[in-house]
Each structure stands twice: as C-alpha cells, then as structure tokens.
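Below, chain A partners chain B and then partners chain C, in two separate complexes.
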Partner chain A sequence: MRNIIAVAGVVIKELYRRKDFYVLFIVTVLICLVMASVNIFNDDKIVRYLKELCLLLVLVSSLVIAISTTARQIPAERENRTLLPLLAKPLSRVQLLLGKFFGCWIACGLTLLCFYVFFGALSASREHHWPLLQYFQAGMLHWFALGIIVAMALLGSLVFAAPSSNSTICFVVVGGIMLVGRHLDKIALPLPEPVRSLTMAIYYAIPHLEFFDTRDLIIHNWPLIHWNYFGLAMLYALAYIAVFLTGASLVFRRHAVN
Partner chain B sequence: MASILKTDNLRVEYRSREMRHATKLALQGLNLEVNAGEVFGFLGPNGAGKTTTMNVLLGFVQPTSGSASIFGIDVRQPIARQRIGYLPELTYYYKFLTAEELLRFYAKIFGLARAEADQRIDHLLKLVELEHARKRPIRSYSKGMQQRVGLAQALINNPDLLILDEPTSGLDPLGRMKVREIIQRLKHEGKTVFFSSHELGEVETVCDRVAIIHRGELKVVGRVDEIRKPQHANLEQAFLEIIGFQSEVAT
Partner chain C sequence: MLLVALLVLAFGLAADLGPQFTAWPGSRADGDVFKILLGDSRKLFANEFFVKADAYYHSGFYPTIFDNNEAFKTAHMAEDTGAVSSSNHGEEENFMGPPRNWIDAFGRHFFPDRHTHLDQGGPGDDLSSSDEVREILPWLKLSTDLDPQNVQNYTVTAYWLRERMHKTDAAYQVLLEGLQQNPGSCEILFELGRLYAESDHDTNRALNVWSAAVRNWHPVKGSDDEVIANNFIDEKITTQLAETELDLAHPQLAIEWFEKAKLVSRTPASLQERIDKIRRETPATSAPPSAAAP
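Moving on to the complex of A and B:
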C-alpha cells in the first residue's frame, strides 16, 4: 500500500504542476461567466441552459484531463527511462499500475471537486439554493465513470505505445459509448445474423457510461436517485475498473521494460 | 572474500521480428562473480550484452537458461532489490519534481521513516553537490546535475551493491570527474560497485577488477594490472586486442 500511495502522490503532483487543469478550468469559468452575464428575454428559466452548458463543459474538461493524464503515464516512464530505476526498487509492476491508476483517479476527483464547487456557486447565485445531496450523487457518479475511463486508458497505454494514439482511441471509444452505446440494442434488432448477435454482445460488454450521466438530475432539480441504485452503479463501475486493471496487469507483466 | 553478485551459465535469447533470424543470442553462458567491497568494471563494445546482463540482474529480463543471484537471492525475487542501488544510462527524471521530492519519493518506496529519509536526503544532496539546487525543479538542471541526482536516487537506501550503467555517459570532463570521485568515495565506504563504461581510462582508475564481454561471451575477467599485460601500454589496447579489433592504420 505504501508503494501505491508513493506512486499516486507523484501523479497528483504532476497534475497540479501542469497547466492542463488550470487552462480548462479558466476556460470553463470564463464561458460560464460570460453566459451568466447575458440576460435573454428576462427568462427566469434561462438558468437551466446555463447549468446545462456548465455541466457539459465540466464533462468535456474532465474527460480531457482523465484521458490525457492517464494515457501518458506509462509511455512517459518508458520514454524518459524512469521506469528502470523505479522497477529496480522493491516495487512490483502491479503496485506501479495501481499507483498510477489511483493517482490519476484521485487527481480527476480533485479537479471535479473544483469544477462542481464553481458550478454550485454559479447555480446558487441564480437559484439561491444548494441541493448538496444531488451534487454529491452527480459528482460521485461522474467520478466513478472517470474511474472506468482512467482504467481503460491505462490498459490502452500498454497496448498502444504512443500516448497520442491511445488518447485519440480512448476519446473515440468513450464518445462512441456515450453517444451510441446505449442505442446498440435497438440498432441490433433489424440486423441480420451474425452481425446482430455481435452488436448485442458489444452492447452487453461495453461499460454503459450513460448510467453515470446525471446532468438532467441537477439541471431540472429532480429528486435524488434511490441510494440502492446509486450503490449498484458504484459496484458496476468498480467491476469494470477491476476488469480493465486486471487486463492491464496481464499485459504489463509481459511488457519489456526498455 | 564473499561474493555478493553471481551469474551461473547465464544465457539470454531475444526473439527477433525478422523471419530469417528467429532468435538473437544476447548472452551465452556468462559466469561472473563480484566480491563484497570491490569496484568491478564491466566492459564491452556496444551490443556486447552489458545492459542485458544488468537487466537480468535487476529482474527486468528473464534468462533463457542459467541463473543469477544477488546476496544469494535469486534475482527474480523482488526482495533481492532491497539492498541494491541502480543508475540507468541517460535517464530524464520527473521534470516537475525537485531533487528533494524525487529522493523522498524513492525513500518512500524503500519504506524509510521520515526522519531517516530526511537524514539520507541531506547526506546525499551534499555528496552529489546538489544542496544549492535541492528546491529547484529537475527541468532546470544541466545534464551533469541530472546524472548526479540519478546517482543520489541510486544511493537513497544506503545500498550494499550499486549497479551503474555507463554513469559518465554524455558528461563533460568535470561531470565525469565528479562522478568518478563519488564512486571512489563509495569504495572507501566499503560499498560494492558493479558498473559498465566505455571510458577505459576511468575504469583503470577506479576498478579493482574488470570483465570484458564481447558478443554475449565473457572474454576475460581479472585485475586491471593482470589484463593490462606488460606489452600493453594501457587498458584500451588490451581491450581492443581481446575483442579482436585490428586497427586499419596499424595494418
């Protein structure tokens, strides 16, 4: 555990010493503040559009941070040759992978916290209330979805050597899952065999990230998700994280260090 | 004298992607023994198998046959690495960390207590003459400073055995001299140093014994003065003769 924490600590330091997060955060804040300053037809419900835009920016920013940070971890260690002195110490490859995973995941959690605090403040300035439990559920589900994405990008970084190709593939896969994944079962119905079965298999195999997208919940101030479903969603995410990390450790075990 | 590093009939074959050459023989039947407290030079031309040997010793590469042990423990056991320090060739450490943070990170991996880590970090930064730059990010370091911070990380656990892969590679004469001084200081402290180098003058200065390897095969092992036979002016001439190089100018 000590080794995992040490590796994770370096990943978190890297994130807050790089400019990526600050740039995305400032861009999000500026866009939202500009939008908030505009008063269209004196419409009170305009705040919903503002919340929707802000949450969309938070979602995109969090995906960029999660994928770009994770995709470069192992390739950068190999390229800079820091993997050699690291593995020459009493640190196993599994510990290194877990350290990288938790580092990226916690770093994503911290950035999400900043984004959600800003969102909460912006929303409260217009609606004059703080639905903290809704924010907690939305934030946690968002964070667990990022956990799946981080684990997937970590596996990808061991399969695809270049961080840029891994990032691109991860963005395409995540975008595909979020936009098309939920409709694959309907798409499969009119298809001939064996394409139909194959499409259905993909539908059941992919992690359904839409389960974690609770933007509508806070945009329209809907009631809380039942805590049992909330817990099940967490377990669902943890299962996919475990699958991706197991795959990553199996690939990494056979990987040449240099 | 107790041997703390030993390879027994070590053989490593790499699979080649080219169809014609199914395997590449990197090491063939390497037998080496390094005794406690000695500085051992590991020499050979590029591609001779020096780095492969080090990779086996560090557990990065599995030998095809034969065995290797450090302190009597099979190198495949992670615990064998608890008492060794390793400096790879040309490493670019985490640019966003300072030297102090980098050493603290490695100290955590070895499980050093906070007070002990502080003491080791102070001692090592003084040893490698980086005290003045301890709070500066590594990205601002020169190549020589980066190599010295690498040497410091290799020493963080106060290892009994140091494995250095071309520690002076790419350094200017002043940088090389500083690294050489550190190796000599470690020798006086009773540390065992196993290092590869192309700088034969440096090897002659600091090593007690050397081994010369060529095309994966051990050609000679012994004391520097034994290898540097009376007819050879220096180790470089002996080295060239052992690996079978004949100068076109001479012929």
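Moving on to the complex of A and C:
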C-alpha cells in the first residue's frame, strides 16, 4: 500500500507543477467573469446560462486534465527510462498501475474541487444560496466518471502506440458516449441485423458516462438524486474502474518494459 | 527613402480603397460581430438558441433529436403567450415513453424527468417563483441578435418581460427594435397593442396599433403551416379588436371585427355564436341570427 501511495503522490505533485491545470482554471474563470458582466435587460438575477457555461467549461477542462495526465504516465516512464528501475524496486506492475491510477484520479479530484468551489461562488453571487448537497452529489458523480475515464486512458496507454493517439481515441470515445450513449438502443431499433445486434451489444457494454452528467439538475435547481440511486451509480463506476484496471494489468504483464 | 515611398503608397491605397469598400454591397464592416464572423449561417444558430430558450422554459426536460418531439413542434414559451398558433400534437409529459431497459430506467434518475414550465414555478412547483422565466431571456436575446428577422424572438421576449417580470419599458424597447428590423410586422404590432392595453391601460392607443396591424396583414401563399400561422395572427388581432370594442360599448364595431375574424378562423361557428349573442344582448342592433357556418 505504501508503494501505491508513493507513486500516487508523485503523480499529484506532477499535476500542480505543470501548467495545464492553472491555464484551464484561469481561462474558465476569465470566460465566466466576462459572461457574467453581460447586461441582460438590467436583471442581475439571471444565472442559469452562466451556470451552464461554467459547468461546460469545468467538464471540458476536467476531461482534458484527466485524459492528458493519464495518457502520458506509462509512456513518459518508458521514454525517460525510469520504468525499469521502478519495477526493479519492490514495486510490482500492479502496484505501479494502481499508483498511477489513484494518483491521476486524486489529482482530478483536487482539480474538480477547485473548479466546483469557483462554480459555487459564481452561482451564489447571483442566487444567494448554496445547495451544498446537490453540489456534493454532482461533484462526486463527476469525480467517479473521471475515475472510469482515467482507468480507460490507462488501459489505452498500454494498448496504443503513442500518448497522442491514446488521448484522441479517449476523447472521441468519451464524447461519443456522452452525446449518444443514452440513445444507442433507439438508434439500433430500425437498423438491419447484424448491425442492430452489434449496436445493442455496444449499448450494453459501454460505461454509460451520461449517468454521471447531472449538469441539467444543477443548472435548473432540481431536487436531490435519491441516495439509493446515487450509491448504485458509485458502484457502477467502481465496477467499470475494476474492469479497466484488470484489463490494464493483464496487458501490462505481457508488456516489455525495456 | 524606399520605406517612406512604400508608406505613402500604402496610405494612398487605403484612402482610395476605403470608401469604395464601405460602399460595396458585400461589405460586412457594419459593426455586427455575428454578421462579420458567421455571415448568413448565423440564422442556423439562431434557431438552436431559440430552442435552447424553450428547453430552459422546461427546466431542462426537453426532447432530443432521438425522442418523439411531436408535442414540441411549437415552442411552449411562445404558445403560452397566446399569440402563436400551435402545431403540437401528442403527449408532452411522456415523450420518452416507458423505460426500454434497466439502463434507460436507471439513467432517468440523473436528468430532469418531469414536464414543468418556469412561469408555473418550475421543478419546485413554487408559483411565487414564476419570475424565474427570466432565465430564458439570454438565449432569446442571442437568438434575436443572430436572426433579427425572426419576429417571434421579439414577441416572446416582450411578453415575458411584461407579464412575469413587470418590465414594461424593456418590453417596449424590444418591440420597437423588432419593428425597426421588421417594419409593419403584424405579430409585433399585436404584441405592442397588448402592451398598451394590458400594461399601460391605454385602450385608445392599443386600438390604433391593432388597427395598423390589421392594415399591414396580407394573406400568404406557402405551406399549410405558414398559411395557418398567418391567418391565426389576423384572427387574434381582429377578435382582440372586437372584444375591446365590446368593452367600450361599441357592439356594432365588435360585430364587424368578429365578421372579419370569421373569414380566417378555423372555428367560424364559435365566432358566429358570439355575434349572435351580441345581437341578442343589444336590442338596437338585433337582426335575425344568421345560419351557423358549416
């Protein structure tokens, strides 16, 4: 366990030493502040368009940080020739993978915390109330979705040749799931066989990341998600994380490290 | 010397070409950033933002392109103003249908799942917060900026500004801007008349504006929907004039306006009943009731 925590700690330090997070955070803040300064019929209580814009920027920024940070972890170790010395120590491949995963996931969690604090402050400046439980649910669901994405990107970094191709494929897959994942079964119905069965198989196999996108509930002030369903979504995410990490460890076992 | 000569040449060319470019029909240097960046394609985005405003009106519960949107063909935020003909059919509460599988059933807990309108309190069903309809205004404003020729943007914006947010002056400015971009628009004149009548309680001015709207109305030839929408606004204006004249104790004028409304109405029988009732109630104008239209 100490080895995993040590590897994770290095990943977290890498995040706040690089410029990625600071650039994305400052861009998000600037765009939101500019949009907040727009005068709309002299009404300073209009806030939902601002919340939507901010949450969209948070989503995009968190995806960029999660995928780009994770995609370069193993390839960077290989390029810097630090992978072999790492594994020569009493650190197994599985421990290295888990360390990288938890490091990236916790790093994503910390960035999400910063983004959501800014979002909360922005919306409270107009709405004058803090629905903390709703924000907690949204933040946790978002974080667990990033966990699935980090695990997927980690598997991709062992399968694909370069971090750039891994990142591109991850972005395309995540974007596709979030846009049409919920509707694949409807799309499959009018298709002929065997395309229909293939589409349905994809529908059931993919991690439904759209479960974790609760922006509409936050923007339009819907009540809390029932805690039972919230818990089930957490378990759903953990299951897919386990699947991807298991796949990654199986692939990594057969990988040459030199 | 060469540098000076080049600078003089550049200055001379700019001075010579500048006025020609400004006068050129294809010039987009009129300060409208959307027109400069997007050209005519801005109208594609305008409709998307208009639909976005309706999605906000429903607090996010809105059909996607994969859902049955028969009940959302006409934006509900426009339909609820009472000045737009509706082409909505089917179930607005249940456009998603029953859950198709466990993934669909589970996923419905993570996005808006109930039909509400912001002016009726939204998801909280709190009627005291009906002014939250303000949240649709940024998208309507954006849609207006992108497509100034879409008159519904102006009428819907003005209606909600006036009706729920009690900003009559702002509504008036919106309608004036709409008339500048769309001179003689019947829909905008009708809404302006409603502003005078319902907010300013200036009946005479309202009558004048509605009369101008009727004078500006012309029948159109086009798709069925276009003809229906065009006839609908004429019917609304003429019936509104009729009702107002009736309130002012001018039953003969009211009957004349109802007769004009019958010409474009899809329910002329109900208007005939109204006319017959007015004739019965005003002995001076009594006449044998005419046969109801088939």
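Note that the second predicted complex is superposed on the first by the 255 of 258 C-alpha atoms of A that agree within 3 Å, B and C clash if a C-alpha of one lies under 4 Å from a C-alpha of the other, contacts with A are read in each partner's own complex, and residues count from 1 in each chain.
Keep in mind that, in the parts below, a contact is a pair of C-beta atoms (placed from the backbone, for glycine too) under 8 Å apart; a residue touches a chain by one contact, two chains touch by 3 or more.
Just so it is clear, the structure is predicted and the values come from calculations on it, not from any experiment.
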| item | value |
| --- | --- |
| First, second, both or neither for A:106, with chain B first and chain C second | neither |
| First (chain B), second (chain C), both or neither touched by A:217 | second |
| Partner chain in contact with A:48 - chain B first, chain C second, else both or neither | second |
| More chain A residues in contact [chain B versus chain C] | C |
| Chain B versus chain C as contact partner of A:114, first or second or both or neither | neither |
| Which of chain B and chain C A:234 touches, first, second, both or neither | neither |
| Partner chain in contact with A:185 - chain B first, chain C second, else both or neither | second |
| Chain B versus chain C as contact partner of A:2, first or second or both or neither | first |
| First, second, both or neither for A:59, with chain B first and chain C second | neither |
| In the complex, chain B residues that touch chain A | 51, 55, 58-61, 78-79, 81-82, 84, 86-94, 96-97, 101, 105-106, 108-111, 150, 153-154, 157, 163 |
| Chain A residues touching chain C - in the complex, by the definition given at the top | 38, 40-43, 45-49, 141, 180, 182-183, 185-187, 203-204, 208, 210-214, 216-217, 219-223, 225-226, 229, 232-233 |
| Complex contacts: residues of chain A adjacent to chain B | 2-3, 5-6, 9-10, 13-14, 17-18, 80-82, 84-92, 256-258 |
| Touch list for chain C against partner chain A, complex | 56, 59-60, 64, 66, 100-101, 103-104, 106-107, 109-112, 122-124, 134-135, 137-139, 141, 161, 165, 167, 170 |
